[in-house]
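What follows is subunit A paired twice: with subunit B in the first complex and subunit C in the second.
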Partner chain A sequence: MSVATSAAPSKLKSFVSNQQFILFLVLLGMIGIFTAFNRIFFSVSVAGNVLADWGPLVLVALAETFVIVSGGIDLSVGSVCTLSGVVGAFAIRALTEGGMAPYLSLFIGALVCIGVGCIAGVINTLLINYAKLVPFIATLVTLGAAAGLALVFTGGGPIAGGPSQAIQLSVPWLGPISTPIIIVIVICFICWAFLHKSRFGRHTYSLGSNPFATRAAGISIAKQTAKIYVLSGALAGAAGMFFYLRLGSGAPSSGLGLELYAIAAVVIGGASLSGGSGRISGTVLGALILTTVTSGLIIVGVDPNWKQVVVAILIAAAVTIQGLRRSEGKAS
Partner chain B sequence: MFGLSNMKRSTAGLVAVAGATSLLLAACSSSDTATTASSTTAGGACQGKTIAFVMGAVADPFFNAMKVGAQAEATAQGATLVWQGDKEYSAATQIPVLDQVLATNPSGLVLIPTDPVALQAGFDKAVAAGIPSALVDTKVNDISKAVTFITGDNTDGGTKAADAIATAIGYQDGQKYKVVVGLTSKTATTNVARLEGFQKAIAANYPGITIADIAYSESNSAKANTNVNNWLTKYPDLSGIFAIDGTNATGAAAALQAKGLTGKVALVGYDAYPDNVKLITDGVFTALIAQDPAAEAKQAIQSICTTIGGGTVTTKEVVIPNVVLDKNTSAADLTKYTYVA
Partner chain C sequence: MTEPIYEVRNISKKYGAVTALDDVTMQLYPGEVVGLVGDNGAGKSTLVKCLSGVHQPTSGKILLEGQERHWKSPHEALEHGIETLYQDSGLAPHLSVAANVFLGREETVPGILGKMGFLAQKKMDVEAHQELERVGIAVPQSNRSVSQLSGGQRQAVAIGRAVAWAKKVIILDEPTNHLGARQAGEVLQIIKTARAQGLGVIFISHTLPHVMEVTDRIVVLRLGKVVKDAPTSEFTVETLLGTITGLITD
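Moving on to the complex of A and B:
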């Protein structure tokens, strides 16, 4: 690359090769293609469907972003989402039967969900920091335990018995946007601030790109790990509450398998699985692309199993682009 | 390999001895050895025995209601119930569970196969090991060696669902209507039979109805919810939805409520989950097709105990009829047919 270029063209070049811009183009391209096959795709109704799917996925993907940037992995996010939703459902049902006001019971239910997620995060931390398990194994353990407990607690069926306001809250009122989605968008901004504008975020990147230098700089890796995995659990818990609002019940199968799509969203968003790179905006767009594909395939009438093929292609493309950019010496 | 076949041989030997001993005991005991499927304990033939149920997705109240019935019957027979399954409704995860259960050498097996072809080998293995084996809900292709096969009348369920939807939409000849069907699995015999019953009834009696789309949710309510959300967008003139099992019904009901379309799109579900039964009175569900999973389990265990006791089960295929629950059903009946959680 020639150094003697004027400021404007190199800015344009860096803008165009920016991962987020490419993702945005991919998203627009997909919307265009699906709309070409079925005009109904370009509608507020479909946008609402896409966002309803995006809500829990992006929360779990945000969780995964922090963990992956720090050089770890959290396979338990999907199951923790399920377990939190189930425990929250029990709490909401008990509160509703006890006569509590509907929105208050839902609010407390949300706190319960997040609390369960935090506990799972603490368990992950203990397994990683004290039992010295690698994150893959530690979170695999929590994945199994959480999924199993969800089934044990529920006996297999969904737990309803909450207020009817739960599903009503999921009705979009600001175009395709519903109140829970507004909350998710706010959470996205908070996570963006955490990762990109705070010391916690800098330490997270540092841990992922060079753990030795991080320790040498006097940062407590154990403490940082704890914060990251508890945050991951809390976000997974929030996703569990989101599913509850959507289905009006806590189902023991809702979040299972979500971790794989969360990781896919993070990778498509530009993060490296070896840690040290990745951006919240990338994850947000990656998750949006995935849920657009889900709705698109149904609207267009293609076998939904093609989704997995599409996701695989997107991951491969994302990793390739990232590799190319890295070899050109550009910062991600 | 060598070790495994050794274990199999000694296992088979043990089962043979156990079987012969129990036959001897049964012959020596009182003469009321049962010979039909519907009789009660065959002189305590099942006392102290272990009966294993290997079922489909654990996350399904239908199976949980079955477990309640199975546990009650096992207790009545003095037997121990072993209840095993995977969280996913898939052959790939059920086969290892079945293998594990067979390795523990149960006295009897009740299998709910997730696929009629893939689970045949495992089922035949149980039979070959001398374990009296029954099939419940779904079946494998060759049931000749099964003690009995008990299921709800799935084809009839599909037919009844077609009738319920047609009534709800005020079907008139000459008009055109669109419906969609949400299933769990492409191969599970229950799903296949219900869909066939539905399609045949529509073709024969309601030719104006077209099935616009079919999708699979693999026992995941959130997936079913996504499917229905998008169908409601894709087909703005949709008349009805047939949710072929409980998890699809849960997902579809939530989608209708969120889109404010309750009462405008007919929803017929399957399986009387307590929370869905409540939604009948709210008008979200047009009708629910209720099976009797507890009765299916009870009958399966009785047949196995009969066989263990040396009797012969004469009814090889038992079909338990469905009940249609709708807004005209009495409160007493609604309670009676709701699955116990």
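Moving on to the complex of A and C:
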């Protein structure tokens, strides 16, 4: 077989033609364009804002990456994020009123947020594995229930009453980077390791690539599905805590529509909704491109209502380019 | 006479009022290739599913090396050395050759990271290559994605995977389907290698010349029953076809 082409040039070629590299160039191009329109864009404070938007988005987009790679979809991540933030806010308020130390109450609040997310993931799993709903419908049910509960619990207004340390934590101190952003970056690395280097990640890919082969290899599809959706819920819960820290309260509107931006980030990052492909690095860059665009449009003075249209164009462009590259890859 | 490595005794399988298998008895000896043939609906798939642990027979016994077994899942049968290559399952195209060979049996790095499930990928790449070579398959690079392989190469990897892992029995459901003549020949060669290693092979196929070429014995199913179980040398393609269709009866 004549597959033994020299390794070095093909490595360089595959690096340059790889999705992440293209996304990185797109990101740099956007930063350049926005800066050309308005010099203010290239500043630490704007970068801080972009990252503050990026944090919760990338958390739910990471969740969505695992789910989409496995061939599923999780529409509930946005409202689970909202509900977690609200329940976490109640817990933090109660703990603060009970006289607990501020950072400890925030830490326990974070665990509550993640716990609520896990419960939502368990419910999604039960609906998929036992009620035999397709993931789209199962998570649509959870989306509605979680969004509704968040409104019922709060009566529509934000839940404050936590320690003032919450907002202080969200202030950037390392250039544009705040403590929650550092935690999010660590979570990105952990997700990368588990999706690309672990058995759990391997089975997530095989499930999305060919469920029949996966079952034939002796892997329990029900268990793998459960792990994926619970992880997705946990990350959505973490996003809820991120919003809480940023706002200093749990708002019933914080994660509204976030699931669509998460799916957009994953798709822009190179994943296919039919499962089996997608990378954490793509998702991280996809989320960064989305938040850069939305911040950039505001700074250069475009009507914010154009935001959704621009996001739509980005998705269309990303998917089209992927399709072209895929068919090219098959031809060669 | 040696003991059969795998055996079913008087098994029946009913789906409601439908009897898919009716009192089927067959033996498989180590180092033997048994052809399982029959028309569509004869019960081949049901028998394969009982043998591989996907379904449990309604009545009758399954014996592995003389010991009665009740498979609760395909996983349990796999763990006891019975590999099945299903007609429609195939490989995960997005994963590499090595990842497919080790799917469900991934090796992890030593230490705490291994306990967390982190994979020893380089080791698996090397071992996958060695294992496939051992069963007579020349796959270019085991870290290539399966989607980059041709149909014949994919099937070779799928069979190589099953042969490499099988400790006792290997069940191949239509392994030469959709393959060109040369690739089918390679698959038959792999089956012969498996036989030479002492495995019991059950070969299910509609392509009767392939059955005639590679098997030692042929079991013919018709309407859920075994109508003939005889050494391959007693058949010709014509008499085999006649037995399958019911034109020839003993």
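Here is the rule we go by: the second predicted complex is superposed on the first by the 319 of 332 C-alpha atoms of A that agree within 3 Å, B and C clash if a C-alpha of one lies under 4 Å from a C-alpha of the other, contacts with A are read in each partner's own complex, and residues count from 1 in each chain.
Definition applied: a residue touches a chain if its C-beta (ideal position, glycine included) is under 8 Å from a C-beta of that chain, and two chains touch if they have at least 3 such contacts.
Everything quoted here is computed from the prediction, not taken from an experiment.
When the shared chain is aligned, subunit C comes close enough to touch A:200, but subunit B does not.
Looking at the shared chain after the overlay, A:208 reaches subunit C, while subunit B stays out of its contact range.
Residue contacts after overlaying the shared chain place A:294 against subunit B, while subunit C stays out of touching range.
Looking at the shared chain after the overlay, A:276 reaches subunit C, while subunit B stays out of its contact range.
When both complexes are overlaid on chain A, the residue A:217 reaches subunit C alone and has no touch with subunit B. In the superposed model, more residues of subunit A are touched by B than by the other of subunit B and subunit C. Contacts of A:38 after superposition on the shared chain: subunit B is touched, whereas subunit C is not. Of the two partner chains placed around the shared chain by superposition, neither subunit B nor subunit C is touched by A:132. Once the two complexes are laid over each other on the shared chain, residue contacts for A:158 go to subunit B alone; subunit C is not touched. Those residues of subunit A lying in contact with subunit B across their complex are 38, 40, 43, 45-46, 48-49, 52-53, 56, 147, 151, 154-158, 160-161, 164, 167-168, 170-171, 243, 246-249, 251-256, 294-295, 298-299, 301, 304.
Contacts from subunit A toward subunit C in the complex involve residues 1, 3, 193-194, 197-200, 202-203, 205-206, 208-210, 212-220, 276-277.
Residues 57-61, 63-64, 67, 87, 213, 215-216, 219-222, 225-227, 229-234, 236, 246-247, 250-251, 253-254, 257-260, 273, 275, 341 of subunit B are the ones that touch subunit A when the two sit in their complex.
Residues of subunit C touching subunit A in their complex: 73-75, 78-79, 84, 86, 88-95, 99-100, 103-106, 108, 116-119, 121, 138, 140-141, 144.
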